[in-house]
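The same chain A turns up in both complexes below, where it pairs with chain B and then with chain C.
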Partner chain A sequence: METVVQQLLNAAQLGAVYALIALGYSMVYGVIRLINFAHGDIFMVGGFAGLLLALRFTWMPLWALMPLAMLLTALLGVAIERVAYRRLRQAQRMSLVITALGVGIFLENLVRLGVGPETRQIPSRMPTTPVAWLQDALGVSVTWDKLLIIFVSLALMALLWAVVHRTLLGTAMRAVADDKDVVPLMGVNLNRVIAVTFAIGSALAAAGGVFFGQAYSLDPYMGIDLGWKAFIAAVIGGIGSIEGAVLGSFLLAGVEVLTVAYLSSNLKNGIAFGLLILLLLIWPSGLLGRPASKKV
Partner chain B sequence: MEAALKVQGLAKAFGGLTAVSGFDLELGPRDIQGIIGPNGAGKTTVFNLITGIYRPDRGRVSLGNTETTRFGPDAVARAGIARTFQNIRLFAQMSVLDNIRMAFHPGAGYGLWWATFRTARFREEEARILARSLEHLERFGLAGLRDEAAGGLPYGEQRRLEIARALATGPRVLLLDEPAAGMNPREVEELIQLIRKVHQDFPLAILLIEHQMPVVLQLCREIQVLDFGETIARGAPGEVVRDPRVVEAYLGEEEARA
Partner chain C sequence: MTKTAWTALLPLLLLGACKPGGNELKIGVSAPLTGDISALGQSTKNAALLAQDEANAAGGLSVGGKTLKVRFVVEDDENKPESTATVFQKLINQDRVVAIIGSQSSKCANAGAPIAESAGIPQVTPWATNPNVTKGRKFVFRACFIDPFQGKVVAQFAAGRLKARTAAVLYDIASDYNKGIAEVFRDEFAKLGGTLAGFETYNTKDTDFSAQLTKIKAAKPDVLFLPNYFNEVPLQVQQARKLGITAPILGGDGWDNPELVKLGGGVMDGASFSNHYSPDTSDPGAQAFIAKYKARFGSVPDAAAALTYDAAQLLFKAAGTAGKAEPRALRDALAATSGFKGVTGTITYGGSGDPVKGAVMIRIENGRFVFDSAVNP
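Then we have the complex of A and B:
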C-alpha cells in the first residue's frame, strides 16, 4: 500500500510537468489548429533558460528565477509565431506542421551548440527536506520540493483556467478557437490574441522545464520525448480543452509510473502509446474534447 | 452633406477572373441603400473589400474623413464599419452573452498583465462591459438567452444576435449580407421591422445585400444592381426593378435555375 501511494505521488509530480507542457499544445491547437511540434523544444529551452539563470545569478531565489525563465521563453514563443508561423497561417496545413518540426530541430541544435550535448541539472532551489506531518500520515517519503512542483503547477493551471473563462482576453481566445476569421470584425487584433496565446503556452512550458531540470535533468533533446508524451496527454484529454490536457497528463503519468513500478520500464512507452490508441478508438475526440464540428 | 461611406472605383480580380470592376457608392450618414444582383455578381466581394478582408486592386474606401482602403479588418471595424454574413457566423460554441462581450472588447484594455493580475481598473472595465452587454441583450430581447450556446438558437434569433453583435461594436455603417436569406415571409416581415428599429435607434447608415424584394423595396432609398462585377442599374428600388437590363439579368438566372 505504501508503495502505491509513493508511486502515485511520483506520478503526480511527473503529471504536473506533462500538464504544463500539454496546455501549450492544446491552447495553440485551439487558436490556430496547429500541432506545434516545436513546443516540446520550447519546454527544453525553458529548462535551459532556468539553468543559465541559476548558474549566472546564484543568489536568485526560485520565485524570481522561474518567472524570469518563463518571461524569456514567452518571448521566444512569440518570436517563433511571428517569424515562422504567421505568414503560413493561410497556407496548407502541412507547410505549417513541417515548419514547426523544423523550428524544433533548430532549437535542439541551437541549444546543443550553445551549452553542449551533456545532461545537466539545475542546482535545486527548492527545499528538499521531508514534510514530517505528511510522511507520518501517509507512511511514505514526501519532500517539500515534490509538493512545491505539484502545487505551483496546479496553481498555474487554475490561473490559466480563470484567465480563459473569466476574462475578456480569455473570451477573445475562445472566440479565435471558434471562428478566427470573424474575430477581427469585432475590432479585435487577431495577431495579438494569437501572440498572447503563444506567450502563455510557452511560459507554462518553461515553468515545466525549470521544475523538470531540478527534479530530473536537462539535455537538448529532452523536448522530443517529453513533448510527445505531453502531446499524447493533450490528445487523450481532448486537444483544445484545458481541463482535458490536465486530466490526460495526470492519467498518462499515472499509467507510466505504475507500469515502471509493477511491470517493466521497457514497457513504459509501449503502454503509453497503446493507451493513446485504445482511448482514441473509444473516444475519437479525447476524453473531454468536443466532437469535430463541420465548418464550411 | 458628407457621406458616411464613400467608395470610388473599387476593383478586384481573382486570378484572371474579375469579381468587381469599378464599384461606386455614396452612403449618407442616415441612408439605407441596397445592392442586388444574381448569385456570383460580386456583391459579397464588395462587402469583403469594404471590410478589409480583401485588399482592392484599385479604388478607394473612405469612412467620413478616414480613408480605410488599406486597413486590416480589425482596423476597419474600429473605424466604424460592422457587418453580418449571409451564412450567419456567430461564435457558435460560446454563450450569447460572450458573443456580445466580444464585440464590446476593443475598448477594453485586454493586456495579459492586467488580465492575469486582475487589477482594480481591469475588474472595473470588465464589470462595465458586462453591464453594457446585458443592457444590449435586453434591447434585442435576447437577455433570457444569455447563457445559451449561440449555435443552438433558432435561426431567426441567431440572425438577431448577429445583428446585435455587429451593433455592439458601435458602427457608423452597418453592412447586412442577405439578412433575409432562408426566411419565410413572416420572418422576413419581422426582420424588416427589426432593421427599421435599428435604423431609428442607432445613429448609423445601412448598406444591405438582398435577394428578397420586399426587404429591398420597403427599406432602401436607393439600390444598385450588380451583374458580373459591374453596376448595370442604379436608382430608387421601384424603378430599378423594372429596368429591362435588370429583368434580363435576373430572369436569365431564374431560367438557368429552373
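Then we have the complex of A and C:
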C-alpha cells in the first residue's frame, strides 16, 4: 500500500514538471499555431536563471528567487518572439518551425559557453525533511520539497486558468486562438496578446526549471528530452487546450512511473509511448482538443 | 570567399594534410570535452597535455636515432558513439596520426575501435573497461582492467566486507559500461551466495529515478549498487536517501571524478567504489605525477587522467622500442609491452589488449576519496 502511494506521489511530481512545460507549448500553439520547439530550451534557461540567482544571492529565499527567475525568462520568451518569430508570422509554417529549432540550438550553446557543460544542481531552498504525518499515517517517505513542488505547480496552473477564463486579457487570448485575423478588427492589440502569451508560457517553464534544478539536475541539453516529453503530453491532452496539457502531463508521468513500478523499467518508454499512440488513434486531436475544422 | 579562391587553396590544404610526420610523433586523442561527462574529458586533455609537454621539455623522444617532438591532436567526441566515429575518421585520414588515445567511455571506445582496427592504427583506450572493446581486435589496447574483474571486486566487497545477503542494482541500460558491469555483479554476487533483490534500469539522460528506487526500497536490499557515471550517481543517491533507502551504496570506476562530490556533497559520504588507483598511493612515480598534475591544474587527478598519462607513456615507450613512428611497428611494440610501470600499476599485454591489473576500493569520507583496500587478480 505505502509503495502505491509513494509511486503515485513520484508520478505527481514528475507530472507537475511536465505540465509546467507542456502549458507553454499549448498556449503558444493556441495563439499562433506554432509548435515552439525552442520551448524546452526556454525551460532549461529558466532553470539556469534560477541556478545563477541562487549562487549570486545566497540569502534569497525561494519565494523571491522563483518569481525573479520567472520574470527574467518571461522577458527572454518575449524577446525571442519579437526578434525571431514576429516577422515570420505570415511566412509559411515551415520557416517558423525551423527558426524555433534554431533558437533552441542557440540557447543550448549559449548556456554551454556561458555556464559550462557540467551537470549542475540548484542548492535546495526547500525543506528536505521527511513529512512526519505521512510517514506515521501511511509509512510513506516523502520529503517536504516533493509536496511543495506538486502544490505550487498546481497553484500556478489554477492561477493560469483564472487568468485565461476570468480576465479581459484571457478573453483576448482565447479570441486570438479562435481567429487571429478578425480579432485586430475589434480593436485588440494582437502583438500584445501574443507577447503576453509567450511571457506567461516562458514564466511557467521557468518555474518548472527552478523546481527541476532542485529536485533533479540541470544541464544545457536537458531541454531537448524533457521538451519532447512535455510536447507529447500537450498533444495527448489536445494541443491548444490548457486543461488538456495538464491532463496529458499527469497521464504521461503516471503511465511512465506505473510501467516501471509494475511491469519493467526496461519497457518504460516502449509501453508509455505505445499506449499514447493508441490513445491518439482513438482521439486524434487529443483528449480535450477540438477537432480541426476548416471553414470553406 | 569566392569559388576561385577556394580552388586555389585546395592544393595547399591537401598538401598540408598529406605532409609526412617529419620530426614529430603525432598522436590523436579522442576525449569527451563536452556532453554529459565533460569534466572527465577535461582531465583526459589535461593529462595528455602534461605528458606531451613533459616529453618535449626533455628535448623530445629518441626514436630510432632521431629525436621526435610529441604532438597530441585533441578532439571532442561529446561522449557520443557517432561523434567518436567521426573523430577517429578525422584523426586518421586528415591529421594522419600514428596512434590514438581514447575514447574514455566504453560505448565510445567501442565505436572508434573498428575504425582504428581497419585502418591499422593502434588505439589505446585509457578508461574503457567493457571487455568487448578489445575483443578480436589486433590494434586495440587499454590501460585499465576489465569489468569482469571489477564486478567481481565489488561483489566480493559487498558480500565480504559489508556482509550483504541481498543486493539491488540500478543501471543505465543504454550504455555498454553500465550494463556490462551490472551483469557481472549480478552473477558474481549470486556465486557468493547472495540474492538479487532488484535489477532496475533507466536510460541515459533520465533524471527521475524515483519509480525504480521506490521499487527497490520495497525489496529492502542490504546494499545498493549504482554502476553509473559520476554525473548521474549523486542524483540517484540523493533520491534514494530521500525515499528512505538507508542501505550502503557501492559503485564502480565510473564514479571517479571530483564532480561526484561537488554535485552530491555530503550525501555521498559513506559510499564506496572500485577504482584503478588511489591518490593515497605510496608509489613514488604515482606521487610525482599527482604533484605535477596538481601544480599545473589545481586538482587531484582522477583515474581517467592517471590512465591517460599511462597510455601516453606506453605509446612513447613503444615508439622508442619500435625505432620508428609507424603505426604497424608501434602496434607490435605495444603488444610486446611487458612489466611497464605506470601510475596505475604494472602493464603487461599477454597476447591480448587487456592488461592484468589490480583494483582498489575507495571510501568517501567528508567529501574525500580515501583508500580502503587493494585487490589483486
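We adopt the following convention: the second predicted complex is superposed on the first by the 292 of 296 C-alpha atoms of A that agree within 3 Å, B and C clash if a C-alpha of one lies under 4 Å from a C-alpha of the other, contacts with A are read in each partner's own complex, and residues count from 1 in each chain.
Going forward, contacts are C-beta pairs under 8 Å (C-beta built on N, C-alpha and C of every residue); 3 or more make two chains touch, one makes a residue touch a chain.
Small disclaimer: the values here were computed from a predicted structure and weren't measured.
Colleague: Just checking: does A:Ala175 make contact with chain B only, chain C only, both, or neither of them? Give me first, second, both or neither.
Modeller: The answer is first: A:Ala175 touches chain B but not chain C.
Colleague: Check the residue A:Leu53 against both partner chains and state whether it touches chain B (first), chain C (second), both, or neither.
Modeller: neither
Colleague: Could you tell me if A:Leu190 is touching chain B, chain C, both of them or neither one (first, second, both, neither)?
Modeller: Once the two structures are laid over each other on A, A:Leu190 reaches chain B alone.
Colleague: Touching A:Leu159, do we find chain B (first), chain C (second), both, or neither?
Modeller: So A:Leu159 only meets chain B here.
Colleague: Using the touch definition from the top, say if A:Ala205 reaches chain B (first), chain C (second), both or neither.
Modeller: In the superposition, A:Ala205 touches no partner, neither chain B nor chain C.
Colleague: Regarding the shared-chain residue A:Glu118, is it in contact with chain B (first), chain C (second), both, or neither?
Modeller: second
Colleague: On the A-aligned overlay, A:Ala12 touches which partner chain: chain B = first, chain C = second, or both, or neither?
Modeller: In the superposition, A:Ala12 touches no partner, neither chain B nor chain C.
Colleague: Would you mind checking which one, chain B or chain C, touches more residues on chain A?
Modeller: After superposition, C is the partner touching more of chain A.
Colleague: Contacts for A:Ile242 in the overlay, against chain B (first) and chain C (second): which applies, first, second, both or neither?
Modeller: Neither: A:Ile242 stays clear of chain B and chain C.
Colleague: Between chain B (first) and chain C (second), which does A:Thr143 come into contact with in this model arrangement: first, second, both, or neither?
Modeller: After superposition on chain A, A:Thr143 lies in contact with chain C alone.
Colleague: Taking the complex as given, what residues does chain A use to touch chain B?
Modeller: Touching chain B: residues 159, 163, 167-172, 174-175, 178-179, 181-190, 196, 199-200, 290, 293, 296 of chain A.
Colleague: Inside the complex, what are the residues of chain B that reach chain A?
Modeller: Result: residues 51-53, 72-74, 77-78, 82-83, 85, 87, 89-94, 98, 101-103, 105-106, 108, 110-112, 115-116, 118, 126, 129, 165, 169 of chain B touch chain A.
Colleague: For chain C, which residues count as touching chain A in their complex?
Modeller: Within the complex, chain C contacts chain A at residues 34-36, 38-39, 173, 200-203, 205, 207-208, 210-212, 214-215, 217-218, 231-232, 234-235, 242-244, 259, 263.
Colleague: Under the definition above, what is the set of chain A residues touching chain C in their complex?
Modeller: 3, 6-7, 10-11, 13-14, 112, 116-121, 128, 130, 141, 143, 146, 212, 216-217, 219, 221-222, 225, 256-258, 260-261, 265-266, 268-269
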